[in-house]
Amino acid sequence: MTLKASNLTLARGGVPVLTGLSFVLEPRAALILRGPNGAGKTTLLRTIAGLQPAVEGEISGAADQIAYAGHADGLKAMLTVRENLMFWAQVFGRHDITPALDAYALHPLADRLAGTLSAGQKRRLGLSRLLVTGCPIWVLDEPTVSLDTDAVAMFAAAVRAHLAQGGSALMATHIDLGLEADVIDITPYRAMTTLRVGASDEAFL
Amino acid sequence: MPDLGKYAVEVLSAYAASLVLLAALVMLSLRRGRAARAALKEIEAKVKKDG
Amino acid sequence: MIALLMRDLRLAFRAGGGFGLGLAFFLIVTTLVPFSVGPQPALLSTIAAGVLWLGALLACLLSLDRLLALDYEDGTLDLLLTAPLPLEAAVSVKALAHWITTGLPLVLAAPVLGVLLNLPGAGYGWLVISLAIGTPALSVIGTFGAALTVGIKRGGLLLSLLVLPLYVPTLIFGAEAARRGAAGLDPATPLLMLAGITLATIALMPFASAAVLRMGLR
Amino acid sequence: MSIWSYANPVKFLALSTKVQPFLWVAAAGCVIVGLIWGFFGTPDDFRQGSTVKIIYLHVPSALMAINAWFMMLITSLIWLIRRHHVSALAAKAAAPVGLVMTLIALVTGAIWGQPMWGTWWAWDPRLTSFLILFLFYLGYIALWEAIEDPDTAADLTSILCLVGSVFAVLSRYAVQFWNQGLHQGTSIPVATGERSVSDVFWYPLLTSMVGFGLLFLALVLYRTGTEIRLRRAQALRVRAGREL
């Protein structure tokens, strides 16, 4: 499934942050977003994931293909690792969570309550959720936050395996994962404050 | 002043209460309106100076 | 959908899940009533049906602010929004889970508390029936209120302010049915109206709740 | 030129600034004439005595209390369908006015009810409905205040207004079913065209109702202007902040 975004204008809090951004994400490819804080990486990823509408432009090939992982992992402290994963697998209509446990070395933790895990372990659990969704396009916002070197390696391996199976990944990260990935710097697409088209407060300027 | 008979207190208090409420509403609206005008003027002047 | 229901139920029954809080609240409110109005059996038996309905309603309200706020805080709502599950179905399931963990225990506990308030013998059946028909509406309407206030810090009080007026028709018909039942009158009309409200809210409110959630999470 | 062109804030402000002086004068004139005429120029009712004079406040405010919600319902729908900001802000501006109108109707009603029914408050369907309406206004205003993003606030309050309208109507019937009530029938039945009020009372009442209507309009226009200015100030501030 090819994800295409063309001529996107995106707004945060009603004010345009990015404009004129286009990219294509082919199967088996990864695309890494770079840009300073506040450049609009999270806004872009949330828009691609369908959590907010684009002000202008078109996104194709995204419907029901996307597994999104944001800053929060959607874990329940009072459920075990296994129960948390099983829940997300079932929401996406699947049942097998063993590969996910394998990929992030979660077997020893499987019956611990998620609330008792360390921050890095929680993050591993959150990332393993991507594997149980079975979705071909991963949209990841700072996936490596609070991961140690080993865990980053596990993540890189998981992404590589995902790409090898025909999947694709779009992520915002500052860490070099050693992937064959295109990098797109979104700084030049920053919307000028004079840009009015489509802003929710446009009528008031 | 008309003769209000035995209900004078009721009638007068009804008028007084209503007029006070209406006056309060108008006053509050005007105050908020003036504050908004002032705030807008300030920011418009600043934007013009900067840009 | 079943997965979501099972997860919500499991969370409610685990430690800190809040199951039983509503029930305890219901018990305390019912216990406090005689302290405030006096212990005369005749007085208590006339107000019993209404007090029990009001207590159940308040107990329902108590757990609403956890209904969506917890899922919002840990990011589950965002992830559910991107999942292939329609949001309308998700909020319906969450309302159902709320009813099973809050409404249903209240329905079952009401007759026991009726004893404390001298509920007339004829009233027990109708009280349970009216609560069983009416409490699902409370959960569904409450879910709408929870969806409206989901992104708001300290939205609990606001949630009550928004939801309580919406509860008026349900309370009127529900308590009326229970009261008529207790007084030995025919409760059919208010019960049918109550059933109508419940069915209509179950059918329509999830769309409003889902729309509101989508707008609020944007 | 279509009516929608006034959905543009600048045009709306220009027009509303132009008509407002006339509106204020007309509103004040009608309210004052209606009330003075009613207060000094009408006889006492043979049953209700001088309390009948309260009608010149009670009926117009009750009328506007309902019309204000109705207006909010329509402007909310326009916002949801056509996304005109002025419409959403007009709904926001009208809510406190409606709240005060409801309060006046409740207070005058209670003061009137005391000598007539022997009680300040009765759980009569009309009184109860107005109390519920009051609660709806409170909730609506509180929701506007609680949400930071103005567009999200407009969206959510619009839906609340829609859902609230349905429940308000439902409550009206529920309350009627629940208690038949003391309140007299409607004073101005629209359908039959027959009035239960005689001409002596009717003309000052009509003047007062027109006055309250104009006052409502003037207040809403003024307050909508305030909201537009605040919104513009916020928009400019956000953008000025991002330049830095």
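Which chain is which? They are A, B, C and D, in the order written, and residues in each are numbered from 1.
Throughout what follows, a residue touches a chain if its C-beta (ideal position, glycine included) is under 8 Å from a C-beta of that chain, and two chains touch if they have at least 3 such contacts.
Remember, it's a predicted structure, so these values are computed and weren't measured experimentally.
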Chain at the geometric heart of the assembly (C-alpha centres): C
Chain located farthest away, centre of chain D as origin (C-alpha): A
Chain pair whose interface holds the most contacting C-beta pairs: B-D
Distance between chain centroids, defined by C-alpha means - chain B, chain D (Å): 15
Between chain A and chain D, centroid-to-centroid distance (C-alpha), Å: 48
Chain centre separation (chain C, chain D; CA means) in Å: 32
Averaged-CA centre spacing for the pair chain B and chain A, given as whole angstrom: 52
Chain B, residues touching no fewer than two other chains: none
Residues of chain A whose C-beta touches two or more other chains: none
Overlap residues in chain D, where contacts from two or more other chains coincide: 232, 236, 239, 243
Chains touching one another, given as label pairs in label order: A-C, A-D, B-D, C-D
Contact set on chain A toward chain D in their complex: 13-15, 193, 200-201, 203-205
Residue numbers on chain C that touch chain D, as the complex places them: 144, 148-149, 151-152, 155, 158, 161-162, 164-166, 168-169, 172-173, 176, 189-190, 193, 197, 205, 208, 211-212, 215-216, 218
Residues of chain D that touch chain C when the two form their complex: 132, 135-136, 138-139, 142-143, 146-147, 152, 155-156, 159-160, 162-164, 167, 170-171, 173-175, 177-178
Residues of chain D defined as touching chain A within the complex: 8-9, 85, 149-151, 228, 231-232, 234-236, 238-239, 242-243
Residues of chain D defined as touching chain B within the complex: 35, 39-40, 44, 49-51, 53-54, 57-58, 61, 96-97, 100, 103-104, 107-108, 111-112, 114-115, 215, 219, 222-223, 225-227, 229-230, 232-233, 236-237, 239-240, 243
